[in-house]
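Chain IDs A, B, C and D follow the sequence of writing; residue 1 opens each chain.
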């Protein structure tokens, strides 16, 4: 068994991935930014910065602040817009044989649908990840992902626009994430990814100002990992579709916690800032773990939680 | 100004506190456990371990695990029961002139009411803190504190049982904490304390078992501070009654973040484990900050957030 | 007990993965009872947060003539590197500032009978037995140490026990040092030889469970030192409890390892349902 | 640019609160353009998580004869201790392992005109100016450094600039070294003397804003090096943006300080709404 290298390949919503490790949206740009530091061909997939219908300016500065074992960000989803993405960025993906997952969002139901439509037939995009952690400007800013009905509505609409694998990314800022998970599953999601950042705040005690101009920001990094592992565990129990685990993964051991509770794959975010090659170390670490444990396939680890 | 020492005194729900720093329930036992390490007379108040109607056994072992800048606990609210507390523990409080706040909980509405009744006339108890982060065993285990109606119901009932200041402690495991905050305010709470722990999970990748026998536990410590500061900020905006800030306070600077966003006082939990005298360092640090900033009253800091 | 804010005098690897740390601790020795422990943390801010519990291996004093300074009392930890916290400890140097909360907990109870005193240590579990041996010998008893480990590398500080005048019997699972086999087999032989005995044991849970059985059938009084994950170390968090004799949901009898323990008389505990899991 | 996993050669306090760190970095010098920066982190696990951005003060090489070893290229950081991350840096020693991501970003653009080259540095802002001065002098230009600080302690490495042949003018707010007053006053005098000039500035935001005004009214080309809180340093997180000229909600023109910067031509930026707040 120690002879041949163990298999890291996994399948998520019809996507065949060479390994279960991919970047988390917004922490890896459009991919090329990290090309000097790691071979994009070694990743399970690439996940893009969140795309919107029109280019988005984002929030005022400062946008980031470090907290204990975490960071707050309020980038405000700044991005080039879906059209510029399709015309300028997709070119770089052609020579890669790594599947590209386009993350996107909208401020209204229609915007969600329109962005989906524009991504539907882009050959370089293997799948889409639907970020429903955004306020519905048409409905007094209630966040789509915090209301099962609103969430189902977006997913149903987007589902109609495209046949590509549809991953729905859930927000952790809810009382019971399994309710939302089941709602999006019924509405036609092929997979669920969670968690997005947790809303947080930090204050500069000298200036009495929030450390982030937007006041609150999204908390990410190792600080949130136990919350993310818990939510992924809950969602895995609640739905039949595959789940992608996200939240504070810095090492292979962190990634394995998510796989053991049943995540089919993982996304790595903040760790990319600490070490641009973090994902390679995580992939190698997962392989080393399989060898130590005498396993020949990462799928033997997925969902192996004993209780 | 630098002449006379600044005043740290604050008033919360009619309680006059010599300073805004008190322990968080369950991290300080009944108080005496820490007497060898700090003078209990220097604290703003003492908050007891959570009390229930009958003695409670609590959860199987292991009950605690360290996570990145945090810890998970699933003690299971083990406690001696309200009667044993009244007969055995209150004696120690008599020579202290530090107000004692009795934290309590129930598994049913009736239990909540009955514990309140038994605390109502205990002279050594200056105020009570109502922990509504518990499942209602009579209602399919839905947690009182996650449903505005259930929360209001408990508070109304308890309010009827006693005239002592009533602090209601909120759980952060909700979509919108301001909804719960307003509900308990209307139901007659004199003050709100938040946050309780955030449900989390950690896995031992070798044994494939949860690190905590109970599977999930409550996450506390510096990791959750940005989430706590955000929620306290939200609640302060939402209600008129005073708010006590809790969550990841390790230093004076951490405590000041909560005061600046509007908390009238703070509770210190996990930090007591790292340094049994942590609260004294925090009290001294707050005083030092006031002097550096040329302020003579901590109330000048409370709610001083600029945006 | 208090919180000592002090410095490391020495920190050396004494066997592969096993380290010994000497810490300046004036007045500590006088306060210690054999079997007690401390909650330790390095002073600088670290990736780990909670203190770590460690037994008190021994105490002593640097004589003035060593270096002209007045006599300095110290205490020693003996620790095994198993995770992040102990790895960080192994990277500390003499002069680094550390904090010790202690001495904490309930130690061994010594009976001045003529029965044989049998100390049973498994691996790092020998730590609390040294002060116990020292105290028993001071009280004029003869002490026998039964020391077990997986390999020779897990047999620690035996010569120090011998220098005290302790009769030592070493056994290793692989026979790489002393007799091959489990320490419990040696214990059975000794109990056959000394039917009237008191046993004091510390080591991994499976060993303690075996020792308990052996002593129960022979009705030999046993005290064991337990481990549990701890947060506060002072009986406040209830994170470290073990099920006591007669424990039930209705009549809970949880005992705090940090306060009622770490040393328990075997009959205080509910051996059937100690609730200890595989990884411990 | 790459991620250098290397070691510290030296780390010394050169003035109260200011430190200089020499780091082994083979091949680094050849890759650097004046004004670029690195994302730094110590290798061991720490309470701080994110890398910290630092300008590249200078590069050099230890000659073989020093110690028999082959020549070793190094790069140097000059940093001020302002918070937890820089405090931890100041506690590192020669031999400690560190990581450098870089060189990163867009540096200074040098114009080979006959106009005067005026470098304006405020406090720690002098860091990126040394490599610039070196390069300008190599290109045969005469370089003048206008160095300002609160007190004498904030005036760093001036003699090193002088050794390059740079003409230096020091001013401090309290007059404890050089002329008393703001560096911008010196700049105004120099611009009166050399109407044809190019200005290169780095320092606190208020200083840069004043310098920008001075240059704008005199139509003197200006390049500034900015600071912003950074997470990735490579243009991926969009955490470090500044408002560019003509920025609007409809036509956003945010520029990444880490990628399009840290050095910008003054006219690239929206000085009215740089969105910089008090604490920076």
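The definition used in the following text is that a contact is a pair of C-beta atoms (placed from the backbone, for glycine too) under 8 Å apart; a residue touches a chain by one contact, two chains touch by 3 or more.
Small disclaimer: the values here were computed from a predicted structure and weren't measured.
The interface holding more C-beta pairs in contact, when B-C is weighed against C-D, is B-C. Inter-chain spacing, taken between the CA centroids of subunit A and subunit B, is 34 Å.
Rounded to whole angstrom units, the spacing between the C-alpha centres of subunit B and subunit C is 36. Averaged Cα coordinates give subunit C a centre that lies 55 Å from the centre of subunit D.
Rounded to a whole number, the gap between the C-alpha centres of subunit A and subunit C is 47 angstrom.
For subunit D, residues that reach two or more other chains under the stated contact definition are 47. For subunit B, residues touching at least two other chains, in rising order: 68-70, 207, 209, 222.
Taken as a graph of touching chains, this assembly forms a single closed ring in which every chain touches exactly two others. The chain pairs satisfying the stated touch condition come to A-B, A-D, B-C, C-D. Residues 1-3, 41, 47-51, 99, 101, 228-242, 247-249, 252, 254, 275-280 of subunit C touch subunit B in their complex. Within the complex, the subunit C residues that touch subunit D are 45-47, 84. Partner subunit D is touched in their complex by these residues of subunit A: 26-29, 33-34, 36-37, 49, 55-58, 60-66, 68-71, 73, 75, 78, 204, 206-207, 209, 213, 221-222, 270, 272-277. Residue ranges of subunit B in contact with subunit A, taken from their complex: 67-70, 72, 146, 173-176, 198-203, 205, 207-210, 215-216, 219, 222-227, 229-230, 233, 248, 253, 256-257, 260-261, 289, 304-307.
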